[in-house]
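Both complexes shown next keep chain A, but they swap its partner, so chain B is in the first and chain C is in the second.
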Partner chain A sequence: MTNSLVNKTGKHKNGMTRRHRKQMIFIFSLMLFPISQWLIFWLYPNVTNLVLPFTTYDFFEGKIVFAGFENLLTEFGKVFSTPATRNAFFNSWRALPINFIILPISVIVGYAFSKHVPGERIFRILFFIPSIISTVTLVLCFKYIFEYAPSADLTGPGAQLLHKIGIDWHGWNMEYPQQVWTMIYIYCIWAGFSVNVIMISSAMQRIPEALIESAKLDGTGFWRELWSIRIPLIMPTISVFIINSIMCVTSFFLVPMTFMTTKGPEGIFDTFPWLMLRHVEENGLDPSTMIAVSTLGFILMICLTPIIIVTKAITDKITPDVSF
Partner chain B sequence: MKKFAKKMMSLALTTVACFTMIFATACGGNNGPTGDNSGYDLRITYFDGGYGQGWITEGAKSFEALTGKKVGLIPSSEYDCGADIYLQSGKNLSDIYIIESSMWKGWVKSGYLEPLDSVYDTEVDTASGKQKISNFMDQQVKGKYYLERKIGNGMMQPWALPLGATPNAMAYNCDVLEVLPHNGVALSGEVVSSQTGLWVAPPRTVSELKAFIDDVNAYNATIPEGETKYVPLGWCGKNANILFYAIYSWWAQAQGYQTSNYEGEGSFADFWNFGNTSSDTRSHTLDTRVFLQSGLQFAIDTLIDILVNEDTDQWKNTLEDVMSISSQDLQKTFVSNSVKVKPVLVFAASYLESETIKYNYLDSDGDGQRDVNFKFMPVPKLDGYEGKDVVYCSYEDVMVVPQKATNKELAKQFLAFMCNQDKLEMFTKETKGCMRPFNYDARNIQGGNFSEYTQGVFDLYYNSLHAFEYPINCTDLLSVSNVYRYERPTFIGNDIDAFVKALKTENGQKIMTDIYNSINSHDVSTWVKNYRLTVVE
Partner chain C sequence: MGKINTKEQSIKKRINTEKIILIVLSVLFSLYAITLFFPMLWIFYNSVRHGSDFVFRQWQVTPLTISNYVNLFKETPMVTMVLNSLVLAIVTSTFQIFATASMAHATASFRWRGSSVFYFIAISVMFIPTSGTLGIVYRLMSDLNLLDLHIGVVILASNGMGFSYLMLYSVYKNISPTYAEAAEIDGAGYWRRFLTIITPQAGATLIAMWILGFIGCWNDYAFPKIFLPSHKTLAVGVYEFSTKASQTGGTGYPQLFAAISISIIPILILFLAFQKQIMTISVGGGIKE
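Let's turn to the complex of A and B:
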């Protein structure tokens, strides 16, 4: 810095003291990395994802050009006109009932844990084990348990048991999609609720003991305590869980994909995220694939956004304004 | 004390932060899944699949001896070697990728690959003297690897070099065949002994196949409960494109391999040109009526006749849980005695034997003997078809060079080196009978010690017509439909599982009409837009 720019008091001509300037450089250096990260890894991909569905790739000119709503209308039309796309779209929403079945079970089990029942710690560990094992490993183990292909000498213990009790289980056979989906539901519920139990029981344990004791003195029973005291007080946790459950629609593919490996006739096991993944697997990340994938993602986003907004408004409304 | 603790804490955190930075930097400089191969002049990442490692290790060793350059080999468990992400970034690239995937077409469009014109023009040593690779290659297959870098620029270039040629047909259980009595109308002495009444050779025609199936079913009924039972024909619902082995063969026979037997419908080869009549790549034509070829319908109906009980809409003549088994399970049921029900015939590829050795299926009781003796056979011909056997072959394994590879010229030199006839023969020996699509005869390889199964594969490959997805009768590369080149649709669209489901409940005509309608309502508009096609009605 030349002297002419700095006056006797050390003040810069633009009114900034040297100390202030150094502070600004420090803050700027500190912020540079996170801001760049945000620009590159958040803003750029998100803006791209929002723009790409409105473009098309000109194969002859080798460039992306504006296409208006053409892609969106075509793909959205397929949801209604093509069985494979329709199945993929609606199968994605199967994540919702799975999570909403998990919710009440998690609340009840979490409540039991919060009561400090005997052996609670061991139960906690046992419950948590499925969550720390890789999903793929867990799915493959579960798949083997219910494998049923006697010709190839492959019959898992679970399949044997089902046959012993008179259930005509056909294994992971795509000709029986309802059976397969039921088993996928069972797996998801078994493997999925441990984290929620831990989360909910922890939230319940934070409720002041005095409050619970006071309720008990007033004669509150086991279920009344859960319904009228515990659940309202952990509503913020539950509402986060509900929003996350809805968001699962955008990422529900790993389990059906690992169980079935094929989307099945007319996509009976397909989901939108899996469809997007297959686009990339089959074609690589060329511009036309990126446009196709972004369009599918955009369709899900359009459908999910109002649901999330309404759900958030409802959960906010029913959540009591309390803090402890 | 508190101040000291604070200082120590700061120190610890700073140390952790520094180490994190160092490790993060180290990770950035690493080659990720491709491994650290600094110090090599040439890096090759290859899909470590059915071919094993012997051929590439041997090839690299010979190349090192010839050039003095060091070759690093990186096996990958992914079909595409996970190359997509490296090609996009242009960093940490291997000089050659050996893949079992058609993803390379997308890489060409994106400009990630180096054209291989110079490789195709290189002269290599062959049994008949020096020849350019482009001339030494199987001329029917060659065109598959040509694309325009930019669609419509009219400049076709080769971008990939084929690795394997895989014939796919059937295999039969020799042990059962020897004891299988024939019932019903008399058959030729070439398949059924007139003296013993036993089968002496596998069925050669579809009508013989049906008789064979009846005989296996009758034989099976005589086997007491608790002993190994047999079903006539094995296939697998989890990898149902194994049915293409029969469909392609019958379709090409019925429709005409290169010349159509049906006026105005085009031949089997014409199907893959999807009705294109123009060599101006900016204005190709498209005629989706090829999806209605009569020969294809006949092939589908023939398959339905053999596999489906049309009264009950259930599978017949095959394993009861056929839809629950994979190709690996099918191999096990065919070659191993550890199962209770075994197929006598199966749809099988040339690699059946090598894979079953790899999975340890051949000797389940550990007595040092194979559980089952089996041989390769052609798909039985359609009755009345007099021509050569038609075998469905696949040529999807390729070698490519990234455009941003560090040592492109050495990579090309290696690719050409591996096309010398002695290296092709080495490939066949090391892979225990896999062939490459070049004009050499694997039957003449000295010291190959190939099994009977493999010799059967060779015999069939060299004495048959090869059916595969390419308009082989299209001599002008620019006349090959862009729909074929860039989309590669199959005759069933893209839903093999729906096709299998339909086999059970529909007839050939209904199946094909559904496919035709589906193609027209969902794919044609995209193809027309992307490739500026004129639809022929």
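Let's turn to the complex of A and C:
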């Protein structure tokens, strides 16, 4: 700092002390990388993403031009008119019921943990393991347990068990999509609730013991305590899980992709996020790919946003005004 | 007196019912835990068997072999894939921690106009739903000449915001300024105080977050697959092995199982070694400002 900018009290002409100025330079240098990263890789793509669905690529001019709602309406129309797009769109929503099955299971398991179920400490560690193993690896472990390929003399132990109990399991066979999807649901539930459990049980443990004790003295039983006391008091945590569950629709691709490896006839196992991934993998540098991917994402967001807003409003309304 | 006895009996009855329910749940949890481990043990066991034994003598005890592992390293670029995963996981998680700690320290430890705006920005990435930016980011990475470079994936993944930021923000907020003030009197500058006095006090959280970041990067499939196409990582490689194994008629599966085991074992060891710290971090919801 030059002397001309500093008065006798050490104050900068713009009112900053030398210490304050140094501090601001330090803060700026700390935030330089994270904020630049956010501006370039988060803000710019997301702002562009709001504009691109309303454009089209002019091959003759070689540039992206404004197209109003034309592109968006064409792509949205395909959801109803083209079987492959329709399947991809509706399969993305399969993530929703899966997560809504996982949530109550997580709450019950988390409640049992907060009640110190016998073996709680070891269960906490074991149940966490699915969340540290890659989805690809875990899906493959599950897949080969239930492998059934008579042509290759292969029947995994899970498939053998299913056949023993009388279930006509055909393996990961594209000719039986409903059976395969059911198995994918089972996998998602089997592997999906572990992280929720840890957070839910810790939220439950923060509830003051005096509150629980007084409820017990009033005759509250095991399940009543969960339903009437614990769940309402951990609603903020639960509402975060619910919103996250809805958001899963935008990233549901790796599980069906690893199980089936191809999208199947008429995209019977396809999802919108998987479709976007394939677009980018096949021709990522083509501007029309960029527009197509943005439009697919935009369609999903148009459908998701009202659901998120309504869900948030409902969970806020039923959440008591307390926090622990 | 009679009334009190009845109430005591009813409380005892409820306690007994609760115990029974918890024991039943414990049994169910044990069964679930078995289902978690069985597939991994089955995969590992079959990774040390001959292909023909796996197909034709599935339930018979047969000699074990490490040939699947040896062949895997001989016939496939396994070493390169492991190294790619390792380098990417170490560098990315370190960058992530540094970016997050910098952002958290800047907004939590100092009072300055605008800090709340940046706090809001940092947590907003968790709540603003986004979808469809993949094509734009791909094009951007290409324009910045970061496509197919390790450093590109590292920069893309090191945002220093979201949930990790929220965790570190509360940690930095609660660090007492006493030591830093003493160091300042001794002439230590801002960077020195940040790196040698303040950040070590957040050490346990930082280590746990680094490990979680490492695990996340090691397991990541999408980013390396799209943005690092010429440098396959283990997660991408295992996926590709799985598509090829199905064409071998079953005898090639044990080699695939060896690749799966290689991708699981380091993570399991890391988790078991640091499970206490990782679990504490994962409680997440328990941390409040």
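Note that in this section the second predicted complex is superposed on the first by the 289 of 324 C-alpha atoms of A that agree within 3 Å, B and C clash if a C-alpha of one lies under 4 Å from a C-alpha of the other, contacts with A are read in each partner's own complex, and residues count from 1 in each chain.
Going forward, contacts are C-beta pairs under 8 Å (C-beta built on N, C-alpha and C of every residue); 3 or more make two chains touch, one makes a residue touch a chain.
Please read these numbers as outputs of a predicted model, since none were measured by experiment.
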In the overlaid three-chain picture, which partner chain does A:Ala149 touch, first (chain B) or second (chain C), both, or neither? both
Go through the superposed model and pick first if A:Pro118 touches only chain B, second if only chain C, both, or neither. second
State whether A:Val65 touches chain B only (first), chain C only (second), both chains, or neither. neither
Based on the superposed arrangement, let me know which partner A:Thr289 touches: chain B (first), chain C (second), both, or neither? both
Partner contacting more residues of chain A (chain B vs chain C): C
Who does A:Leu254 touch here: chain B (first), chain C (second), both, or neither? second
One more residue to check, A:Ile35. First (chain B), second (chain C), both or neither? second
Classify the contacts of A:Thr135 with the two partner chains as first (chain B alone), second (chain C alone), both, or neither. second
After superposition on the shared chain, which partner residues are touched by A:Met174: those of chain B (first), chain C (second), both, or neither? first
Is A:Ala84 contacted by the first partner chain B, the second partner chain C, both or neither? first
Set intersection of chain A contacts, chain C complex versus chain B complex: 149, 151-154, 261, 284-285, 287, 289
Can you list the chain A residues touching chain B in their complex? 56-57, 59-60, 62, 74, 78, 81-82, 84, 148-154, 170-175, 261-267, 282-289
Across the complex, what residues on chain B touch chain A? 80, 84, 88, 103, 106-107, 109-110, 150-152, 237-238, 282, 319-325, 329-330, 332-333, 338-341, 486, 495, 497-498, 500-501, 521-522, 525, 529-532
In their shared complex, at which residues does chain A touch chain C? 22-24, 26-27, 30-31, 33-35, 37-38, 40-42, 44-46, 48-49, 52-53, 108-109, 112, 115-119, 122-130, 132-137, 140-145, 149, 151-155, 157, 190, 195, 198-199, 202-203, 206, 216-217, 219, 221-222, 237, 240, 243, 247, 250, 254, 258, 261, 273, 276-277, 279-281, 284-285, 287, 289-298, 300-301, 304-305, 308
Provide the residue numbers of chain C that touch chain A in the complex, in ascending order. 10-11, 14, 17-18, 21-23, 25-26, 29-30, 32-33, 35-40, 42-43, 55-56, 58, 98-100, 102-103, 105-106, 110, 112, 118, 121-122, 125, 127-140, 142, 155-156, 158-161, 190-191, 194, 215, 218-222, 225-226, 235, 238-239, 242-243, 246, 249-250, 253, 256-257, 260, 263-264, 267-268, 271-272, 275, 278-279, 282-286
